[in-house]
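Please see the structure below; I have some questions.
Order of writing sets the chain letters: A, B, C and D. Residues in each chain are counted from 1.
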Amino acid sequence: FGAGTALAGHAVQGLAEEPPPWMKTPGEPFTNYGRPSPHEKDVIRWISANAGAPGNGISWTPLHKLEGIVTPNGLHFERHHNGVPQIDPHRHRLLIHGLVENPLSFSIDDLLRYPMVSRLCFVECGGNSNAGWHEEPIQTPVGYFHGLASCSEWTGVPLAVILDEAGLRPEARWLIAEGADAAAMNISIPVEKALDDAMLALYQNGERLRPENGYPLRLILPGWEAVLSVKWLRRLQAANRPVMARNETAKYTELLPSGKARQFTFVMDAKSIITFPSPGRNLSGPGLYQISGLAWSGRGRIRRVEISADGGRSWAESALQEPVLPQCFTRFRLPWRWDGSPLVLKSRATDETGYVQPEREVLIAERGRHGYFHYNAVVAWAVAEDGTVSHVYA
Amino acid sequence: APEGPKLGRPASPEEIAAQDINVFPDGTGLPPGKGTAHEGKALYDAKCASCHGPKGIGGSAEELAGGGSLTGPHPDKNIGTYWPYATTLFDFVRRSMPLDAPRSLTDDQVYAVTAYLLYINGIIDERTEMNAASLPRVEMPNRRGFIPIWPGEKAR
Amino acid sequence: FGAGTALAGHAVQGLAEEPPPWMKTPGEPFTNYGRPSPHEKDVIRWISANAGAPGNGISWTPLHKLEGIVTPNGLHFERHHNGVPQIDPHRHRLLIHGLVENPLSFSIDDLLRYPMVSRLCFVECGGNSNAGWHEEPIQTPVGYFHGLASCSEWTGVPLAVILDEAGLRPEARWLIAEGADAAAMNISIPVEKALDDAMLALYQNGERLRPENGYPLRLILPGWEAVLSVKWLRRLQAANRPVMARNETAKYTELLPSGKARQFTFVMDAKSIITFPSPGRNLSGPGLYQISGLAWSGRGRIRRVEISADGGRSWAESALQEPVLPQCFTRFRLPWRWDGSPLVLKSRATDETGYVQPEREVLIAERGRHGYFHYNAVVAWAVAEDGTVSHVYA
Amino acid sequence: APEGPKLGRPASPEEIAAQDINVFPDGTGLPPGKGTAHEGKALYDAKCASCHGPKGIGGSAEELAGGGSLTGPHPDKNIGTYWPYATTLFDFVRRSMPLDAPRSLTDDQVYAVTAYLLYINGIIDERTEMNAASLPRVEMPNRRGFIPIWPGEKAR
């Protein structure tokens, strides 16, 4: 043995050496903080930053390389306006002022003593998937198309607890949040959300927040566009009106064909994407496969994800991996036998409010092609006879 | 909400004033100071043009002028065509720009460069002074260009 | 402002500088794979390895530093017999042989194409918490006492799928699993478990397994002592009897006072630990606190975690953080006002089978003090008048 | 179980034989070969004593001899007092030892050092040959020392 017969799709069959070298010599020692295998070195956030400003841009979660629903912290997508601040947590404060009875300042040590809750939920940039608006379908791995979305277990203090302590005045309708980064990013948040499920997050997947995800403190507004989940949170001003910051006027508003723009579009609508098969993750010949993908909705739980292998004429219901949680990535899977003929795969999510992910034509008929943000249309993958997968508008 | 341990330390008015840099459309939050486009031009050329290009066009960072239309096949969103409030410019530039040295400008400088950006967008003239009183009164071309989705969305 | 009044427990009140330095200069650029803040450099696995053999030992998850239920991959506990093998996934194979119709060999690429499932579950070493058997209560942070347990979202192929393909013979009662490490660790697994919920895990918290957790392939046997969740899995021999390997005879058996030992003790019984307050995480004076901790059971879901602040005389029911999943860490929390008097805190878990975590005297009466493995008694923390927390037997 | 794509490649008997190093209590899996404690001693002193100490006692790694009792305040679990099967010794040493060079011993060497470990535990004498036939027949002192919990546990 040692070299086997080459079967379809499997070049190397036998083992070159028995026992393999790593069974004959002691392995590597323990580590205080582990890292991925060097063989997984292409499982990275793909960085797209401004040439003139290295801290301005985005990096994408490689959704096409991942399984399950949790995004490991090292791969959570990034959006920075001016880099990742290196904050000393002992010198960081959260100030609450404006329309409150008691303007207050909190240290991180203070907040760590408050009652906490945990929840698994997605964080998605309002600009995620925006290549979908392009006239030509972008050809890129899923993560570099839809990977401005990640999902973690966040733990922190319900914002309502702190607002109670400060004594929000009845006239207060908005909270203007501000980050302690070099962009001092500010944005206005309705008090309804702040009092509902907003969280002052301190932990991400068990450990303290990562620097690029807001260490030592960030807002989490489950289901809402991520620009509102302000990182490096330092200040909340209660006000009776929004501040009309750059990122809620010039950005994160959607221009319609009429020339008017939608403003205060907060909720991320239901979306689904097939991560396997997908561009770059081709089929290796006819046979049985498991279609796998992710769905999520800012409005609540995913109720159903349907899959079509005929470009949308017929649909089959996929299995949703338990637990199915509100405002959380939901992994869907479906066994599927490919007969080798060319076809078009689609997935379509329905959430618990009954909202159904729209076809692209429908979304574009409603919004035009220049909204830039909040693209959530059904995505279509064409499978060619040789198993190659490409993105199509179909 | 569950009860907390109430560890918040009262924040003094001075402490708040030192941190509060939010500027609202009605001018709330604008500091004393003033500046004109004429004064702002030199500053812009020295501290902003390297990224945003001369007169706000052709740099590596976003265009800050250039006009254009919000309809048609290639809509042009910029300060002159899209931004609804002049106060946002002051708010944003003071907190975030120049990107390589944020918070380095004096309030007078921010007024001046804000005036310059309004001027190159054809909104004010070169000599009009921008200050806490005049800036909120600048009527931006796209002031009425936004359809409120919230709180409508809330109801869904 | 700048220097504030010192309140109890909070030395630094104001900010030294406004704006802080990280708001005046661009932050750090994007990274392909992120890391924790340098300010969290003491949130590490604590290594306890054999002086003469650096790859032989354990490293602990710092449970006292974590919140929520997910263990980040970098902090998953380690137990290695002879180090972490550096396996080339393209040269790794899984062989199934013995009492099967079709002996088969699978590459990792093969397995990646199989139907997968995901589940959040704990992995706990059978020797976890064994300091509880000591005559004197160990004084150490929780993680270095109970941190041979971690919890992740594992994704992989149900072992039953592969066993179906190989055609398990009716006489097959056990599967002898073997790892591809330098210890070639082998152990016998009942087919009942193999066919029930055993998983050939390929992914851990979204990304491929970490080297120290079995890359590229490990078994996961939810709820069973972790030695059975064989890492670097390379071989499964179906047999009609256990192989009686060193790790199921000389180790992972519990010596009783009679001189006889319990053998094939697989299930990890229900356990709970209060992570705050806990040794090293002291109270900073009388006032309101949130007690927080972790509970889990190898038999299913946690049904209830009760907390006593009077050494076990009276108990209050804590809130369990949703979702409460079977064989999974469950975070419990309880608001608690400390009046400043010395007392003893305990937590007690009950699982969905009705099993109640025993008091230490009861466990020791049943097992003696030399079982070494499967220690799961109620843990008691004494809170002193100055807020210091220590481990006591009470 | 759900259906899989059936990608498993048939494994040949030779391939299996090359990998299968499991040794069962009845001797299944033991290779040809032989050795005595007398032969094993030199090998032990050269390759094992550095970690396990001379005669299995007093090294940095686990004690491999020493006797003692399984009851009382300080029970002593070791090969002689605790291990139920002699085959386990062969299985373990062949796959895992010496720790710094696993799989480096020949089968004869494993038989010899296994014999030596049995010898220093007072179970066999120095000249008794260990081979595929004799090793499974060695009666370990603690052979009857285990109470099966499984499958009783299953029923709970």
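Assume a residue touches a chain if its C-beta (ideal position, glycine included) is under 8 Å from a C-beta of that chain, and two chains touch if they have at least 3 such contacts.
Nothing here was measured: the structure is a model prediction, and the numbers come from that model.
**Student:** Looking at A-B and A-D, which pair shares more C-beta contacts?
**Tutor:** A-B
**Student:** Can you compute the centre-to-centre distance for chain A and chain B, using the mean CA position of each chain? Integer Å is fine.
**Tutor:** Computed value for the inter-centroid distance: 29 Å.
**Student:** Taking the mean of the C-alpha atoms as each chain's centre, how many Å separate chain B from chain D?
**Tutor:** Here chain B and chain D have centroids separated by 77 Å.
**Student:** With chain centres defined as C-alpha means, what is the inter-centre distance between chain A and chain D in Å?
**Tutor:** 51
**Student:** Touching two or more other chains, which residues of chain D qualify?
**Tutor:** 2-7, 9, 15, 19, 99-100, 102-103
**Student:** What positions in chain A touch 2 or more of the other chains?
**Tutor:** Where chain A meets two or more other chains at a single residue, that happens at 4, 9-10, 13-14, 19, 23-26, 53, 82, 105, 110, 113-115, 182, 184, 289, 335.
**Student:** Which pairs of chains touch each other in this structure?
**Tutor:** A-B, A-C, A-D, B-C, C-D
**Student:** Considering only the defined contacts, which chain A positions touch chain C in the complex?
**Tutor:** Within the complex, chain A contacts chain C at residues 4, 9-10, 12-16, 19-20, 22-40, 43-47, 49, 53-55, 57-59, 65-76, 78, 80, 82-93, 105, 107, 109-110, 113-118, 120, 152-155, 180-182, 184, 202-203, 205-213, 215-216, 284, 289-290, 292, 321, 323, 325, 331, 333, 335.
**Student:** Quick check: in the complex, which residue numbers of chain B touch chain C?
**Tutor:** Of all residues in chain B, those touching chain C are 2-7, 9, 12, 14-15, 18-19, 99-104.
**Student:** Using the touch rule from the top, collect the residues of chain C that touch chain B in their complex.
**Tutor:** 1, 4-5, 7, 10, 13-14, 18-19, 23-26, 287-289, 335
**Student:** List the residues on chain A that touch chain B in their complex, please.
**Tutor:** Touching chain B: residues 50-53, 56, 81-82, 95-97, 102-106, 110, 113-115, 157-158, 160-166, 176, 178, 182-186, 190, 192, 195, 234-235, 237, 239, 241, 243-246, 249-250, 253, 255-267, 299, 353, 370 of chain A.
**Student:** Under the stated contact criterion, what part of chain D meets chain C in this complex?
**Tutor:** The touching residues are 1-11, 15-16, 19-25, 50-51, 59-61, 69-71, 75, 77, 79, 82-85, 87-88, 91-92, 95-96, 99-100, 102-103, 145-151, 153-154, 156.
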